[in-house]
Each structure stands twice: as structure tokens, then as C-alpha cells.
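Alright, structures below, take your time with them.
Shared chain: chain A. Partners: chain B in the first complex, chain C in the second.
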Partner chain A sequence: MTGFIGNAWIWNLYAVQLECLLAIWGILILLSDAFAPTSNRRTIGYMTAGFVAAALLYSFFLVPLQGSLFNGMYRLDTFALYFKRLFLLALTMVLVMAAEFSPRIESGVAEFYALLMFCAVGMLLIASVNDFILLFVALELVTITFYVLASYLRRQIPSLEAGTKYLILGALSSGFTVYGIAYIFGTTGTTNFDTLSRHLSALGAQPPLAFTFGMLLVLTGLGFKIASVPFQIWAPDVYQGAPTPVTAFLAVGSKAAGFALLLRVLFTGLMPVQYIWGPLLLVLAGATLLYGNLGAIPQHNIKRLLGYSSIGHAGYMLMGIAAGNALGVSAVLFYLGQYAFTNLCAFLAIIAVTAVTGSDEIASFSGLGKRSPILGLALFLSMMSLAGVPPLSGFFGKFQLFAAVIRRAQTDGHYYVLAVIGAVAVVISLYFYLGVGRAIYMQEAEDPSPIPVSKPMRLALYVCMVAMIGLGIYQLPLVNASIMAAKVFGLH
Partner chain B sequence: MNHWLLNYSVDWGMRNGHTPICSVWIILFAPLVAAALIALVTPKWKGVSAALSIGAIALSFALSMGLFLVFAVKHIAHQPHTIQWLVVGDAVRIEFGMITDPLAMLMLLVVTGVGLAIHVYSLGYMKGDPGFSRFFACLSLFTFSMLGIVLSNNFIQIFIFWELVGASSYLLIGFWFEKPSAAEAGKKAFLTTRIGDVGMMLGILLLWSRAGTFNFAELQAKLPSLGLSPGILALIGVLIFTGAVGKSAQVPLHVWLPDAMEGPTPVSALIHAATMVAAGVYMLCRVSWLILPSATALHLIAWIGGITAIMAATIAIAQNDIKRILAYSTLSQLGYMVMTVGLGGPTQAMFHLTTHAFFKALLFLGAGSVIVALHHEQDIWKMGGLWKKMPITFWTFLIGTLALAGVPPLSGFYSKDEILLLAFEKSTPLFIMAITTAFLTAYYMGREVFVVFFGQPRDRHSYDHAHESPLVMTLPLIFLALLSIVAGWHGRVPDFLGALPETGHHSVLLTGGLIAVPLFGFLVAATIYWKPEPSDAPVKAALGQLWTWVENKYYFDELYAWIVKYVQGTIATICDLFDRWILQRLGIGGLSVGTGLLGRTVRLLQTGSISGYAFLVGLGVTVIIYCVVVR
Partner chain C sequence: MDILLGIAVLLPLAAAFLAFLFPANKPKAIRALAMFATGVSLLITLVLFANFNRHESGYQFVHGISWLPTYGCSLKFGVDGISMTLLLLVGFVSFCGAFVSSEIHEREKEYYILFLALTSGISGTFCTLDLFFFYFFYEMAVIPMYLLIGVWGSLPPGKHGRTKEYATMKLTLYLTAGAVLALIGLLAIYSISGTTDIEKLQHNWVATNTQMWVFPCLLFGFGFLASMWPFHTWSPLGYAAAPTAASMMHAGVLKKLGAYGIIRLALPLLPQGARHWANLLAILACFNILYAGWVALTQKDWKFVIGYSSVSHMGYIFLGIAALNVVGVSGAVLLMFAHGIMAALTFGLIGFFYHQTHNRFVPDLSGLARKIPFIGVCMVMAVMASSGLPGFANFVSELMVFLGAWHQGSTLFRVATICAVWGIVVTATYLLWAVRMSFFGPFDEKWSMLKDAVTFKQKFPYALLLAVLLTVGFYPRLLTDIIKQSVATFVPADSEPSIAATPSAPDLAKVQE
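Here is the complex of A and B:
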């Protein structure tokens, strides 16, 4: 709060302007539904995507603020801005997908867009969270909108089932979280991350048992968001059943939100007790890597495959957090950035294909390389980037994570085991990602008719592909951004 | 060489200070530009595509030659030239740099020289193929990646190009992807080599965590002062060696190379004989300062190489596909090179790499010429008597065979001689394995020549239609044949790399023996196969059960297929069991889309299907809390 106490409310307003913009636009969409004809469904989607893209550009003119806002609840530092931009990027692409997808939504298309906007508002808040209360509120804003979004295709059982599962399990994990927060508050008397960190440092000795108990419960809730073992069980079902734009937003936005919270909580408030959560995350990272990558092998539905793959990638990123050094944190941030482009690219292609074929089975992607060279290439490149094949961006993401783990291993030999597990996972992952590649290029399509690709879709695909290749060859911009963002934790 | 011309070109090269460096960048990027242009602009115009691709590699070859001459005449020390690529905090610093020491220059000449011949040859071989332009684009992409490996001055850069050659090799093996076997082979090659690559990456990171840099020169300077324990040093060496095991197809990751023969023959010649598979050996020589201090790593490398050499040679005696025999021969020769590195002789290994690139590319192109003449027949038992029909192919193939077998005064004799002498000095068991391999090499190559080119034609129809290949295919054969003859003379190649250590004087008996072994091999092959109607029957009878083993390649493929199937099956079973038993016992069965029945789904939902999931989440929380808190 230093430096601008006098007119703090101005700064508070400055800090939340992105959230406000999105919320206002979301309400406008709801209102427009009353007046605009239903034939404009797609146009509204594209307009909204354009608006969010503009907000993304605008976000680059925002300057990070020192200190915290809203009585220490909220931060607008480089870390927060990094994630806000990431969420806006994901939202733009997801809105393009939603517009493409809108003919398949029976009713309430405008609400669909609006819910996506409100969900994104929650994510933008999450980027700035500095207090357990705001953490819970923002997290619930995101999660509750996702309950509705996941079950949006009300007439389709898989969607309904996905929504129900997500609802019940999500509610359960939220329960754990809020219970844990209560324990933390009860043992330390604070919900603020900075105060908590000071309190724990001053404690010197082991924190009370009840505190550790509460901390683990909070981590449970966050583990659910990122789909880490042992809270990963929902991911394949929900990924498969939810409408594809929602799946994409789950894979990119919700996952990044979970990691934003995890990084913020662990490296500020809970940093003094790293010796407790460090080994735990080491084990969870290894287990998550193995579960996600092994489980993906027998899959033949591409959305389910990406569900398992998203568990696996949570494992890779947990490697960076477990490493607990500056390199590890910046590596996670870089990974999330490139993972957004890669995954969005895959989902964009999937939506375009399923709009014609109506099937998510990998077999229905046979001969895609011939039916639509651009979709084939986009999906193939994203699979290769997910597998970490250089010179695509995924390789440099993994490279930095592995480097962070090996660096940590010098002081703690257990991390060598994690590096080896990660290496095994990389080999396994190439096996199933190549399975998709083989369908695209090496198998004949039953119906060889070309697949149309709309202009906005094409543009979005080009952006993602250029980013995937570009960030593989010239990584510096994103690396610098992630280092700047990681600096807020002052790690070495 | 005309001296004034040489001086003139050197002076021209030096006039504006940094021209040699500029030319290195052009050498590397010309093929990439060609590949991009073909892919984006000229896929429709086949002639233009081929011209672009061939022009690019010709330019690279000419500039490499210029670089070489500048070095040879003026002895201009190479300047390291790097640009900063990526800096992550103070921890990771990666540059993009070029190395042009004698080792790199030699490899540049090999890659661009052999590559040029093969590019030209492809004009004839791929004529009329619907994917003509795509082929040349992939070929150029491969050339770019391979040159990247050669020129890299640090581990990360070499690793990226290392993977890029893997990817372009994948594209080229699966070039005829309509054939399921080709598609499958491409995938197998990519996956198998990746296993080695991941190990290599771990080795690179381990070394970096101790030394803090990826740059070869810096590492070499720092290594002695790091005080690494022998265990760590050996571990790093072995991990980095696993990359070479994958790429150079050493046991136990050798299984992909024979299958890679599904690709077009020029690809087999360029990628899977002369250059890419030799990249592993090149990389080991490039980092020999890292491997040489560790006796353990050296031992392992030498033995892996020796075993690969003799095992592949035994398999080769029972193969019936004209290209597969050559593929196993390649494995065997790569084993020689790796063994030589392990015996502490990187110079000898590079010498053999160079001569092998020439005569093995020649042999593959010769085989391709036969294959085209017989309308894509590859079974040697359907050939025979072709020497009259295809004289140029026959004579050049014979030169390649003699060079490979190590008959003086062809190049293969000199390079193999150095290897065998080194093995004789360092290790008796490996020497025995190596000399047996030399005998087998002469034997199976003799078998191939006698069966393919002599005897009665066994397929009369295709024999009558066979004719010598066009000039674009025979000229590269002649060019490579000349190189296969002269490349070993006067020890020029090893001298260039820095003279070989004096090996002392060996008895006349040893030298005589080394000459006699291949001749003996040919003799045995001739007695069995130099007949109007040759057949494997006498050998089969003599070897008995052993024949079945070598014919089936020691069942490696079956073993791996079984392991993959077993592992995948187990995972599928576990997933299934998990779904069926644990979840259903708890009231659910995964996502119940498969049932498709509204009533049933709702019932499942209502009867607490999710309570099972919730139970598992709760269980997870309990276990974590127990482990962390109670512990």
C-alpha cells in the first residue's frame, strides 16, 4: 500500500479495469439477446472475441503496481499481468471456437458467451489473488460457471453427466478448500498471504499440526483444479463429455488458473514451509506424470486422450513447482504460455472437424491431411508440440522444466528419480501422440470430402501455429516475460 | 590442383575479412530456403522443385569446398561465431553457433558431396512419382538438419538438429505412406531413436548442472577442473552415448534401421547409410574429450559397438532383400565405428565413417539402379545374370563391394586396417570379433554379388526387360566409385584430422592376415554361390538351428513386439479392471456414454455413481494427510 495510500480507491479501480470491462460486456451480451435476432449467434461470438482480443492488446499498456490493493487482497504485479494476458488470449480463442460451435447449441447461445465472460472474470481475479478469502470467491466464480458450461448441451447425456460429475466433485473439493482455509485462519489468525508468510517465518519451529492439516486441504482443492493425482479422476470423463469449447477452456484456462493459485500460495504464503510441501509435490508430480501418460495409451476418443494428456502435462508442470527454484517457476510460466497455444490449436482443429464428422473418435480423423491440409497440419503440429519434439515450443517448455529439476537434484538426489520418470513419460507420450498423427496422414478417410474452415477459424489457427513454431525458434519474448513474472517471488 | 586458381579463390575468400564465416551460414541455410520455397511456392512445378533442391546442396558443397581450401592452404584458424539465442535468468544460456574445425569440415564435405550425388540420382529414381516435389522438399529439409548437427557448437543446438533429422527421416521413411509397412516403419524409427534421445537429453542436463554451460569448447576447457567423480563422469558419458545408440542403430535399439529400408532407395543411401546414422559416431567424436577420461564408459561403448558389428554381420548372411543385406551391413560397419571410439580412436572412427559414406552410398545407389531396372523387385533370388545387362551398375557395385570388404588398394582397406590394428593393440576379444566380422562382410557381400549379377537369370521376363539406368543415375555411381577407390590413399583423411598416433610396426603376418581375411571370405562365397543355380541350401544344412536364428534376426523384433503388446495389454487391462471392478463396485463404470441409454445413465447417476469418484478423492486426501502429517 506504499506510495498511493492517499487515493487508493483510484488505484483499486485501475487494478480491476480488465475484470470490469469483461463483466460489463458480458451483461451487454445478455441484454443483446433480448433484442438481436437469433440468426446473429455467430456474429455476436466473433464480436465478443474481437472485444476480448482488444482487451488483450490493451492489457499490454497496463503497468504493474507495487504493493497490494483492496486491503492487501489483490495484487497487480508482473505475475498477475502475465496470467491475465494468458487468460484473455485463451478466452479469445475459446470464443472463436464457441462461435463455430454455436449451431450445435440448442438455446441460450448468448448466455453461453456471457458465462464464458464471467468465468474469465473469475480467472482474471485469480491471477491477482493475495488472500485466501478472495482465493475462494474467485475460484468459486470460475468453478460454478464451469458447472453450467460443462452441462450446456442439456439434451445430450454425456454433457449432462460431465456437468454433474464436475459439479459434485468440484463441490467436494471446494468443501475441502474452505475447511482448510478455516484451519489456517484458526491457527495463524490471518488469511492474507504476506502476513501468513511473516507469521510462519517468525514461528521458527514446525507449524502446529492443525495448520499442516489445513494447508493440505487447501492444496487438495487446487490439486483438483489442475487435475493432479489423486484428484485427477474427473478429468477424462468431463473432458470427453463437455462441449468442446468448454473442454478447451478447462484445459487451458482452468488449468492455468489452478497453477496461478498454486504458485502464488506456495511461493508467497506457504514459502516458509517449503520443506513440508516440497517432497509431497515431488511424489505427486511423478505419480501424475505416470498416470496421465500411461492412461492415455489405450484411448481412442481424442477428447478423452487430451483429458489424460492434460493430466500428464500437469505432472510436467508440477516438476517445475517441486523443483522450487527460480528456473522452475519461470519454466512453469513459460510452459503454460506455450501450452495454451498448443492446446488451443488442437481444440480449434477438433471443433472444425467434428462440426462435419460429428465424431470425436480418433479414427474419424483419418485422412485429415488430405481432407483439409491446414487442419491436418495444425493438429499434427500441436500433437508434436505436446510430445515435446523440437523445434516446436513444447520442447523448450519441457527442456526448462527438466533443467530446473536436474539443477535441484544437485542438492537433493531424489529429484534425479523425478527427472527419469519425466523422461520415461516423454517417450510414452510420443507413442500415443504419434497415433493421432498416423490417423491424420497415414490412414485413408472413409469420406474424403474436404472440410470447410471459416475465416476467423483460419486466422486463429494461423496465430496458434505461428506461435508454436515461433516460440520454438525464438523463445526470448515469452522467456523474458515469464522470468519477469517469476521475479515477484524473489527466488534463486 | 591448379595452384594459382587455389590462391586466387583463397584471396577472394579473404578479401572481406569475414567471408568464410558468412559462407558457413549460407552452407547451413541454403537447403532450408530451398525446402521452404518448394513447400510453399513450387509444389506444382516438379522441375523447378528439383532444381532448387539440387542447386541448394550444390551451393553448400561448393562453399564447403571453398572453406576447406581456405583452411588447407592458408591454415586460417577457425573463429567461433555465435549469436546469443536464449538466456533464462543466470542459469541457462544457449547460443546458436558454428564450429568449423577440421572434424566439422570433413563431415561437411562428406554430407554435401555424397548428398549432391544422391540428389542428382534421385532425379532419375523418383521420375514420375506423384510426390516428386514433396520428396525434394523433405530431402532439402534433411540436408539442412544434418548440416546443423555438423556445425553445432553446443549441446542444445546439436540436440535440436538431432531431433530434426529424426523428424525428416520419419517423413522420408514413410514417404510412400500408402504402404502400411512404410508408415509403420517411419513410426518405429521415430519412436526407437527417441528413446535414446531422451537419455541423451538427461546426460546433457546432468553435465550442464555441473559445468553450467552447453558450449563444447567451454566444457572441454572446464571439464578437468570440475573434479567430477568417475561415477558421474561415466554416467554422463553413457547417457550421452544412448543418443548415439538410437541414432546410429546400435544394439539394443538397432531394430529400426532395417525397417527404414521401406523408404525410397536414395533416402536409404543418404540418410540410412551415409550421413544420419553416422551422426551418432560424429557426435561421439565431437565430444570425445568427454568420453575418453572415463574407462567405464569407453568399455561399454566398445563392447556395444563390437556386439553390433558381429551380430549384424551374421544376420546379413541370411537375408534375401537386396537392400536389407546392405542395411545389416550398415549396422555392422556402424558397430565398427562405435567400437573404435570406445577403443579410444575417434580419428580412426571418422576415417572409416568417411570411406564408408562413399562406398555404402554407392552400394545403395547401385542396388537402387537394379531395383528400378527390375520394376521394383527387391528379392535377390529373382535376379541373376545382370552383369551383362547393366555393366556400369555392375562394375561400380563391384568396386563398392571390394571397398566394403576391405580389399587393397580401395579406401575401405585403409580405414578398416586402422580399426583392426587398434583393436589388436587394445583388446583381444574385440579383435577376434572384429576380424570375424571382416570375414563375414566379405562373405555376405560376395553372396549378394554372385546371386544378383551372376548365374542364370531366375526371372526371365524381368531379365529381358532390364536395361542400364539413365545417365543421371549412372554418373553419381561413377563419381562415388572414384571416391570409394581413392578416399583412403596416403592417409590424407586422418592427417587432416590430426595425424594418427604411431601404431608401431606390426608383423608381416598380421598385415598379410588382414589382407587375406576378406579374400578368404570371397572365396568361400564363390564356392557356394558362383554357380548357374545358386542356393542357400548348403549353408542352411551346415548351420542347422543357427540359420533359423540369424534368418529371424535373433527374434529381436518379436521380443520387442511382445514387450510392447504385453505392456500395452497390461495397461489396458489395469484400466479396464479399474473401470469394471473398482468403480463398478463403487457403483459406476467410467463415463457411461457407451450405454447410450438415458434411463440407465440417470439410474447410474442416481444410484450414486459419483459417490465412487468422490470416495476415491476422499481416499486420496486421507492418504496424503496420513503420509505428511502422521509419518
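Here is the complex of A and C:
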């Protein structure tokens, strides 16, 4: 079941080198903190960001490998590389944010960076998962570090609340996942996705009820990661309470990790039973879209707003998965790519503003367009990109997802309903995203003093903005990358 | 020559990016850049118009580059008689809009960037030959308006009890709702045909029963932007709150995008659907004409009067489209042009005196023509054009719409035509009332500080727009020839009125003159 390269340890090492690099650097950070306590907390952050950026560049020299490694547990295909690059990108930006944020962390700044690194190692593993056992291990590595990260501001009640909430619900969903894995293993005798898929195809008839039960439990755990209805309750509270860099990493990294798992599990292992999960996801996508976008309307805290918006975006991406065609999968991949830039841009701007104002309320962003034109523009553009307005990248992301759903609707009319719900959600979302825009440009600030923006921050903002506009106008590079990555599933 | 079209479309966008790099404390340079970009675009458009082959009905100056080969879409521009006419409209209105933007004295940099992006979005929609880019530019034109109104607009308190923030949010949400509805229809067409090339799509790919539901998606989706009754309520409020140049662009050009979407995509791509829904469209058109006209009768704010008047005029355009014959649809296209110029002129003039009076409440204004005779004369002419007096382009186009609708033949359309003709009387009533109240009558001393347009720079935009209206009014064949040719390529010949029995509209117009 493993290719010939599976036995060569050198290839195994080649496949996990990014994970190793990050883990080693994370340990080095911890050591440096122990032996040479540095007074400048930002420097470590910027150095780490630089290192991860270098790793990101290096990842473009890696070549995808055929077949699976580590006895079929691990893959380094185009899909895995696509997500690894996405996670490294997110980590770079989050580290810049963390460095900006570090003065607000009382103690353990180095541990904060190190935890982010270890969390990213888990995400990199998730990109390559090809077995339920590794899925669980990698998922736990990510989730457990997030428990700590979310409650890192330990003297602030909201942060503690966020951590606790995430811990309780996360532990519960992990329990569901492992329970479901046990059922799947019990009914099919395998945890490997390829074997599972072969087994289910050979079965021909309806799988046993216990298997379906197990599958639903696994989907519960993954639904928690992506914050899809009905496992979305935690998102607004945790987004609001967690330290902002952690919120950003949750919104970009953790969400993408959840989708990586969902795509991999559904389109390899569970592909033969698409007729079971397809209609389920159709319903969930519609419900998630409506919940996230309607819930965001009355919000006046921008992090909470982005929490609801992240539920809404999970709904959009579920549209692509529910569509179940090649266009749908590549649309989800494109969407995640551009969503990373867009959301990171928003959180970068939020961190820079709250460092001065100390408030996450949308009202405190009033007059931002005058106080700091670059921050105002960055936040406004990211809101518009989230709303899906051309010429920004979010527009093309949504365009592809709608195209995928409508293509599917040619054979199954129910999908038109999903497309209409998506369309309604776009209009609703524009309302609350423009509410932020109104604060930025149409309302006057109480305190009109300018807001300083540090150089690394400025650089990160420019990168995100150029990416948002660039990918909105010239979509081809990311479209091609996402199509290449989606090819591993061999869909039509 | 072909590449010039792309330059005319994208030049304002390029200027917007360039303006982004300018320092914000150099408003004059940015303004000059905006004038230059829109001016050169207009010049290029005129050159293209002069070189337009008037005996060819298809697309000309076609030029494109492959953009997303995986989706088969390409950035491709080309114009036929219909889009050439409307491109001229964008050229004139945007240039004049940039001219009158001198009233903006706050955050000029952002203002001009948005204005230029808006211009490119609109002309892009008119010229693109690709479904994806059609939607791309269409949506791109909607959002700059949100900020233009919200930041630089003004809405005097009144019975409506709304703020400019409310007005601009309502406008944006309505237009986006329409846009996503249209998107579903467009994507359905794309997934059936597998191509986004508008030229290729005209070979009728869509099965008849699918057309029945795709057509209303496009009709109502684009209808939102064209302020189709009952989706029109955003429009007068939005214009009232918008700064002058934004009202000019919106009422003059942006609104026409909706009608253009119906004519360019819905009619040729879904002919059976169009026939099926034409009767409903005609009924809605009557509501547009009479209901909006009736509401305009009760308005006291100049911008609301003109706002409702423009909703009412969109009804004639819908009626012309619903007629589904060459005369009717061509009349609708010509009316889009004529009404666009006229609306831009009127909003420009209102902006001119409102900038000084800070009051546009009709009963408060009196005898202004003594103090600002040039503006008064222009306003009288604009109002006459709007009421459909012979000699202006509006007359010809409205006549064509009436003829087209009458010749459609069914009783419904005859009744609709009678309603529409009655609508002209309503229009004349409220417009003449507003002009008489505010420009004539006893002069009120509190307006003695008003200054007229005296310099060439001040007079030029209004004079230019008036000249265009008169030129097309006296020589409508300049545009109707090319419009009719292109319309005839997709409007079914069987519903064509027998030319021998009736003189064609332009000929009639000449008789009137």
C-alpha cells in the first residue's frame, strides 16, 4: 500500500523537513529565552517572522512526491504543498502581528512565539494527513496549543473566557472525532484513507449504519474546526476574547486546516459515500451562510463581527464542497488563499489601531481614514474583499464558488436554492462590512491624532493589499495553483 | 485603432492608480490628472466614433487578450452601434462631471480616485465582450458610489427623515441585490454554454424552458439598477444625497447600465424568455412612467423632482425594450443616450446653484433667473428637453419608443403607449412648475449674493451637454443609423412593423423640425 519510496527513510525526511524546521526553531526560541533573556521582545518576533518567510520561499523549491509516505500516513502532493505554503504565509503575518502585540503580553513572550510555531507544525502535518490516526494527532497538536494561546492574556476575563470556552467545546469535539474514528475502524478495519476508499467502493451497497454514525461524528469534529453550523457557537466569543494575533491565526490558519482535513477526508476516504454527505453539506452550507451573516448584523465589536463573518465564510466554502465537483474544490482552495490575505490585512490593521486606542469597538475606528490613511485603506479594502467586491480578490473567490454550485445545479435543481441563499448572504454581508467602512470614512474621530505604523507592519500591510488587489485583477497564478492542488482528487 | 478602445476604457482606471501615488496635499495636480484622463478618453471615443463603420452591424474595434484560459474568459473589448452610443455618453458625462467637481474641496485625492474608478467601471461594462468582465465592471461601478455619496454628499433634512448614510447604504444594498440576482442568471448561462464570450453566446444556447426562468433573473437583476418599479425607491433618495458629479454619473450613466444589461444580454441570449416576459415588462414600464411621475408632482426638493423624473423616464426605456421590435429597442437605446445627457445636465445645474444657495427647496427659491441668467436658460432648455420638445434628442427617442410600442400591435401595448404619452404631460407639469417657481417670479433679495457662470470654464460643461442634445436632436441619424443596424441583429424580424406603411421615426422627427 505504500509506494516504493515509502521505504526510503530519506524521502520520509524530505517530506517532513518543513515541520522539522519549524519545530527546531520553536525549541530554539524556548532555549534562547532560558539562556539569554532579551529585553527586546519584538526582535525575536521579527526574526522568527523572517525565518518563516524564508521557509515559505524555500517551500516553493520542494517538489511534490508521488504516493504516500510513513506507511501510507502522510502525503506530500500538490494539495499538501498548497496548504503548507498557505500556513507558512499565515504564520509569517501572524508573527509580525504578535511582535506588534508583544508589549501587551505580560510574561512569556518567547513562549507565545514558540506556541505559534508548534501550532503551525500541527497545521503543516494536517496538510499532509492521509490516515485517521495522524489526523487526530495533528488536530490535537493544533487545538491544544490554541487552548493556551486563546487564554494568553491571563489577567483579562474575556481572554480566559475565550480559552475556557474553546477548551470545553474543543475537547468535546475531539472526543466525538476519536469516537467516530473508532466506529469507522470497527466497521471497515482501516484508518488509511486510500484503503478506506477502496473498501467502500468494493462494498457497493449502502455501508453499515455504524459506519455512517462514525462518519457523522468525525464530521462533527471537523465542523467544529471550521465553525460550521451547528458547531459554530464558540466562534464569536473566542474571536472576541482571544489576543488579536491568536484570533487572526484562528481565522486564517485553523480554519484553513479544518478545510484541508475536510477536503482530504471527504474527497479521498469518503468519496464513495458522497451521496450521504453531499445533501448533508448542502443543508449545512445554507444554514451556516445565514447564521454567520445574520448574526453579524447587530455586532459593534470588530473582532466579534469578524467571528460571525468567519462563520459566514465557512458557509461560502462549504458551498464549494457541497457542489462536489472539481471546480468546487479548486474554488475552495482559491478562496482560502485569498481569504488568508484579506483577513490578515484586516487583523494587521486592527492590531495597529487598538495598540493606540485600546478598544475593539467599531466606533473606535471612526475617522480612521483621516487618522491613518494607510490603515483606513487597508481595513476598508479588506472589508470590501470579504464582502466580495471587485476588483478585490474576495470577488473572484465568491464568483468561482457560485459558478461551482450553479454547475452542479444543472444536474440537481436543489443547488439553485443554495445559490440563492448565497446571493442573499452576499447582500446581508455587504451591509455590515459597509458599516465598518462608514466608521472609517464617514464618521469623525473623537481624538484625531495620527496613528503610528511601524515599518514591518507597513510592509505586511502592503503585501496583503497588493495581493488582494493583484489576485482580484489577475487571478491566474492562484487559480492555476488551486487547480493543480485540486487535481489530486481526480474529480470532474 | 482597435487598441484605442481598451485605452479609452482603462485610462481612467490607470489614472486612479496614478493618483493614488500623488501626495494628498496636491489637489490641483490630481484634479488636472482626472480632467486629462476623462478628456483623453472622450477624445479617443470621438475618434473611434468618427472611424466607426456605419454599414456594419457587428462588433468593431474588437481587441482582447486571454485572461483566464481555464474558464475560457478573456479581457476583450469591442463596440457595436449600441455600445458606441453609450460609450459616447460616458465620455461626455464623465468629462463634464470631472469639470464640475471643482466644488469638492475636501479629501480631493480620494474623491478623484473613486470618480475615475467609477468611470472605468461604467465604460468597461459598456465595451466588454466577455460575460465575466461584464459582471466584474458592473459590480466595480457600484461600490465607489457608496463612498462618493457617503463622504461628499449632502442630504438636507426633509419629510423623508433620512440621512445621507441611510441613502447611500440603501442604494448600495439594492444595487448589489440586483447584481447577485443577475449573477445567478449569468452563471446559469455560462454553465449551460461553457463560454463567456458574448459574441459566441448569441447563437442561442439556452433551452426554451430554461430561458423562462433565467430571463427574469436578468430582467429584475438589471432592473434594480435601472430603477424598475417597484425596485426604484433607492434612486431619488440616492441622487438627492449625492454630490453633483456623482448624481450626474449615476442618473446619467450608471443607471443606464441596467437597461444596457437587458438589451445586451437578456434580449439576444434569451429571445423566447424575452417574448414570454414582455407583457409584464410593459406593465411595469407604465407604473414607472405614471407612478414616478405622480410622485414627482408632489416633490418640493429639486433633486427629488429630477430623481423621480429620471425613474419615470426609465419607464419609456423599458417600454421600448418590451416592444421587442427594431424601432422600439432602438428608441430605448437612443433615449438612454438622450436622457443620460439631459439628467447629467440638470443635476449639474442644480449643483451649480445649490453650491451657493445651500437650498434647493423649490418654494424657497424665486426669481433666480435674474441673478443667474445663464444657468436659468440652460435649465429651461434642459427641462424642455426632458418634456420631449422637438429639437432635442429626447423627442426623437421618445417618439421612436411610442411608435415601436404602438406597432407591437397587442391591446396591452396600445394602452401602455397611451399611458406613456400621458406621462409626457405629467412630466411637463412638474418640471415647468419647478422652473417657474424657482427661476421666474418675484426676485427674492436673499439670493442677491448668487454668482452666475461667467468664465468659459464654468459655462463649458453645460454648454457641451446642451450642444450634444441639440446636435442629436436635429440630426438623429447620426446615432439611430448605427443603433438600428445593431438592434436588428437580435430583435426578431417577425415583430417588425411594416416599414412601408409608416414613416420611420427619424424621418418623422425631420418632418416635425
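Everything that follows uses one rule, which is that the second predicted complex is superposed on the first by the 483 of 492 C-alpha atoms of A that agree within 3 Å, B and C clash if a C-alpha of one lies under 4 Å from a C-alpha of the other, contacts with A are read in each partner's own complex, and residues count from 1 in each chain.
Note that in this section a residue touches a chain if its C-beta (ideal position, glycine included) is under 8 Å from a C-beta of that chain, and two chains touch if they have at least 3 such contacts.
Note that the structure is predicted; figures quoted are calculated from it, not measured.
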Combined model on chain A where chain B meets chain C, clash or fit: clash
Touching partner for A:Gln410 - first (chain B), second (chain C), both, neither: both
Partner chain in contact with A:Pro373 - chain B first, chain C second, else both or neither: second
Partner chain(s) touched by A:Arg438 [first = chain B, second = chain C, both, neither]: both
Contacts of A:Ile233 with chain B and chain C, given as first, second, both or neither: first
Superposed model, chain A: greater residue contact from chain B or chain C: B
Touched partner set for A:Pro452, first chain B, second chain C, both or neither: neither
Superposition clash, chain B versus chain C, among 60-68, 564-572, 600-608 or 618-626: 60-68
Touching both chain C and chain B, counted on chain A across the two superposed complexes: 384, 389-391, 395, 399, 402-403, 406-407, 409-410, 419-420, 423-424, 426-427, 430-431, 434, 438, 441-442, 475-476, 479, 483
Chain A-facing residues of chain C, complex: 24, 67-71, 110, 132, 135-137, 139-140, 142-143, 146-147, 150-151, 165, 169, 172-173, 176-177, 180-181, 183-184, 187-188, 190-192
Contact footprint of chain B on chain A as seen in their complex: 157-158, 161-162, 164-165, 168-169, 172-173, 176, 209, 212-213, 216-217, 220, 224, 229-231, 233-234, 236-237, 240-241, 276, 280, 294-295, 297-298, 304, 326-327, 330-331, 384, 389-391, 395-396, 399-400, 402-403, 406-407, 409-410, 419-420, 423-424, 426-427, 430-431, 434, 438, 441-442, 475-476, 479, 483
List of chain A residues in touch with chain C within their complex: 369, 373, 384, 389-391, 395, 399, 402-403, 406-407, 409-410, 416, 419-420, 423-424, 426-427, 430-431, 434, 437-438, 441-442, 475-476, 479-480, 483
Complex interface listing, chain B residues touching chain A: 86-89, 91-92, 156, 159-160, 163-164, 167, 174, 177, 180, 183, 187, 190-191, 194-195, 198-199, 201-202, 205-206, 208-210, 568, 571-572, 575, 590-593, 596, 598, 601, 605, 610, 613-614, 616-621, 623-625, 627-629
